[in-house]
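I have a structure here, written as structure tokens, and I will follow up with some questions on it.
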Amino acid sequence: MTIHEIADWLGGEVIGKNIDDAPDIVRVAKIEEADSGSLTFLANPKYEKHLGTTRATAVLVSRKTDLKKNIDRSSLIFICVDDPYAAFLHVLKRLTPAIEVFSDGIHPASVISPNAVMGKNISVGPHAVIGEHAAIGDNTKIGAGCIIGNYAQIGSECILYPNAVVYHQCKIANRVIIHSGAVIGSDGFGFAPKPDGTYEKIPQLGIVVIDDDVEIGANTTIDRATMGDTHIHRGVKIDNLVQIAHNVVVGEHTVIASQAGISGSTKIGKYCMLAGQVGIAGHIEIADHTIIMAQSGIHRNIEEQGKSYFGYPADEARKAQRVYAAMKMLPDMVREVTALKKKIEEIDKGFTKK
Amino acid sequence: MTIHEIADWLGGEVIGKNIDDAPDIVRVAKIEEADSGSLTFLANPKYEKHLGTTRATAVLVSRKTDLKKNIDRSSLIFICVDDPYAAFLHVLKRLTPAIEVFSDGIHPASVISPNAVMGKNISVGPHAVIGEHAAIGDNTKIGAGCIIGNYAQIGSECILYPNAVVYHQCKIANRVIIHSGAVIGSDGFGFAPKPDGTYEKIPQLGIVVIDDDVEIGANTTIDRATMGDTHIHRGVKIDNLVQIAHNVVVGEHTVIASQAGISGSTKIGKYCMLAGQVGIAGHIEIADHTIIMAQSGIHRNIEEQGKSYFGYPADEARKAQRVYAAMKMLPDMVREVTALKKKIEEIDKGFTKK
Amino acid sequence: MTIHEIADWLGGEVIGKNIDDAPDIVRVAKIEEADSGSLTFLANPKYEKHLGTTRATAVLVSRKTDLKKNIDRSSLIFICVDDPYAAFLHVLKRLTPAIEVFSDGIHPASVISPNAVMGKNISVGPHAVIGEHAAIGDNTKIGAGCIIGNYAQIGSECILYPNAVVYHQCKIANRVIIHSGAVIGSDGFGFAPKPDGTYEKIPQLGIVVIDDDVEIGANTTIDRATMGDTHIHRGVKIDNLVQIAHNVVVGEHTVIASQAGISGSTKIGKYCMLAGQVGIAGHIEIADHTIIMAQSGIHRNIEEQGKSYFGYPADEARKAQRVYAAMKMLPDMVREVTALKKKIEEIDKGFTKK
């Protein structure tokens, strides 16, 4: 596509010299990796330094960007749009040749129970297993080696990548994406201690319910409830290697980054953000719109909405940041307090003597 | 079942009004989710507040519970037992219709080596693989897509959920439960540094030994020993996404929560509790009955039994909690010390002047 | 092998009594587990205490070890070599009977796309899948249940253990080892927030590139790039349950221990060491030869090479260790500052009074 074609398609404004001589845009690339024929974008001011050196043919920038200092680079062309990153994604999708990831239809090397209820236009990869009385909705793709347990239900237009596992009876709604190695519905970690210090397994008889438009990362584990259900509400996005324990509830449109863990029976609100490696204790509630920063440990209820938390154990982010900043002064303070103590003793001695 | 039938079956005492008019118990539920026809339980005093509002038909309570303040709710019936939670589990199992999770017999789409030694009444799911010279005990269930390596041994009455992997030569005893995606016997992370800064792989020639009655969570990894064995003693319960490195020993009846990690050659005692996301350094020993709180980092031996630890780096819990409480005062203390310093200078000046 | 045969083979010197009467060496073992007929080694002085009690027949020691204090044990024989651990590994390999982990050739229960490009002497286990237009190099072993996506490329002499997954288009070079359950090429965790607080999936159109001689642990996840590639350079060793996010670059010969996580677009230098459960923020750069200690959280660039880091949030290790040491004095300091304050008030009162 030419620069003008792209700008027209995006509704953007072109700024630059020799636009008609510029090469066609044949690919998109990050600003530091772009070369001639590439379109790139500038959304984060942190990357502005690359404007002086990028070898891209054109850069998508915000209409609000001050181009004066960069406009003298005769070879660089700007396309000004409202949201450069969104515009970039549109071009990315348009220029990337789509490849088929899933094959059409039911592979003969899969095993589908005769009493499974199968919708239309389903893809089932080789060595996938659909259990007894399971149900799969229209247009859903079940990757190679996926195992769908007995009585499990999966809605329409879902994508399960290879080797994902859904245990018996779990219910997955529509347009859910589950990445490879994710395990949905394994037993909750529940054991009743016996007087002799050993444990008796508590039967885990509930299920996992996953609502529409959820995405679940690779090797993430979501345990079935002891009874009732572990419930992931619609629009939730979960990264890789996340642990969701039994009877947890995750509210709508919450995002959970990699290696975070949520202990049993905890309720996470809507529109929350849990960063990487966060740990959350069991049997607590986290209010809507809460942000929890990386590696933080939350051990009690968060009742007020829309606050950020940080630290181990976590506190409100502003408080915690003051504490962690003060921590760095600690060795100096120890020295100072010792010095003050000595000084006071001297003063006191002198004072008393008198 | 009627209230009386349940109470008789459990050996409990019924307290309440209009017991004969109460609906039959057809399900069990958590106290806040129970409705008419539900039996619930009260074990944790924290949930006592729900007694005033629960819509359950009956509640299992301890014989020691003081019912006076709740007895006026005409519609609520109490069944008093020694252990309400244990009683609840009995009713839960009895009322929950059991579904078949594993199919009977050897599925024709599995691959079993002709020289594998197979016990009686084994279930092998579709696409499972039993390697050369492997041995599987009576009544064991091997889920779909499980891979049992060459020379591996699995005892009787074990359950391996779909897509679990047991590497070659590993030995698993009886009544062991392994959840989906768990990997038993992968190579220990051992590399000898070479003078040029690169690494040479140290062959990992040992095995993993898992004793009776162990449960292993989904996507947990237990590495084989460099030589000898990584040993999980009987009754140990391991949650999801836990890492057990090469040559680790975990003592009897220890429980390890999700995302904890134990580094190479470390010995964990018996009856310990490791909470979620705990990290334990390599080549150390942890005494029996030790409790390690969530996200703590343990980097040296724990020699005294029965203590709790907390923090990063961890210290004895009581000490650590005092430290973390004091941390919150740190910004105030910095200000205070600065003020004291100024005050002392003033005093000192005045004092000296005189 | 006799003691003399081993010493000759290793080029070592034998010291001890009655060497000709010693039993043949038939196995190797750790110093505390060795018995008669065992060869062990002493590399770490920490284990020297075992020299007095080991039941090993012979011990590999460094030529630099001072044997005087141990030489009086008439039954213990020393073989002095330059590098006792390396020598031990040689003997270990020689004495351990090799077992076949992978079967020869293409198993008939695998599914290989007719247009896949297959090298010579490849092993493909039962229920493995090789996708459309995928390419596999000579002598590579693909374990049972592995799924190789469409257009994926795997080089020569690689080993993929059972149930590993390589997504479409990813490129893996030569002599790469991938353990069971590892997922290479799952979607990066990228979602564009919409004005209503919900998210739109950003298509993840890049790939993962893994260079020669990399090892990847069990259940580790490496996400494909949004565009371009997530790149693991040659010689990198990655342990179990590690998360590598989209567009991350890991430099040559860096080692990453279990449960560490690296967020999106971060660049890790060469020859770095990341210990267990380390977390690294996104969009930052870590200099070559950096060491990051266990559970540390890194949230900004590390520009100077060869330093160690520790803490949450991390600081240079020496500084951080001073801070964490001072932390333990914190409760005492709070008391002390309160006492000082009181004392000063008294002095001040007395002083003012006068």
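Per-chain numbering from 1; labels A, B and C assigned in written order.
What we mean here is this: a residue touches a chain if its C-beta (ideal position, glycine included) is under 8 Å from a C-beta of that chain, and two chains touch if they have at least 3 such contacts.
Here the structure is a predicted model, which means the values were calculated and not measured.
Participant: Only C-alpha atoms count here: how many degrees separate subunit A from subunit B in terms of the superposing rotation, rounded to the nearest 5?
Facilitator: Roughly 120 degrees of rotation.
Participant: Quick check on subunit A against subunit C: do more than half of the interface residue numbers occur in both copies, making it same, or fewer, making it different?
Facilitator: different
Participant: How many Å are there between the centre of subunit A and the centre of subunit C, using C-alpha atoms for each centre?
Facilitator: Chain centroid spacing, subunit A to subunit C, equals 25 Å.
Participant: Can you tell me which residues of subunit C touch two or more of the remaining chains?
Facilitator: Within subunit C, the residues that touch at least two other chains are 109, 127, 145, 163, 181, 219, 241, 259, 277, 295, 312, 327, 330, 333, 337, 340, 344, 347, 351.
Participant: If we count contacts the way the header does, which residues on subunit B are in touch with subunit A in the complex?
Facilitator: 28-30, 33, 46, 85-86, 89, 92-93, 96, 99-101, 103, 107, 109, 125-127, 143-145, 161-163, 177, 179-181, 215, 217-219, 235, 237, 239-241, 253, 255, 257-259, 271, 276-277, 294-295, 312, 324, 327-328, 330-331, 333-334, 337, 340-341, 344, 347-348, 351
Participant: What does subunit B use to touch subunit C in their complex?
Facilitator: For this pair, the touching residues of subunit B are 109, 111, 127, 129, 132, 145, 147, 149-151, 163, 165, 167-169, 181, 183, 186-187, 189, 191-192, 197-199, 201-203, 205, 219, 221, 223, 227-228, 241, 243, 245, 259, 261, 263, 277, 279, 281, 283, 295, 297, 299, 312-313, 315, 319, 322-323, 325-327, 329-330, 333, 336-337, 340, 343-344, 347, 350-351.
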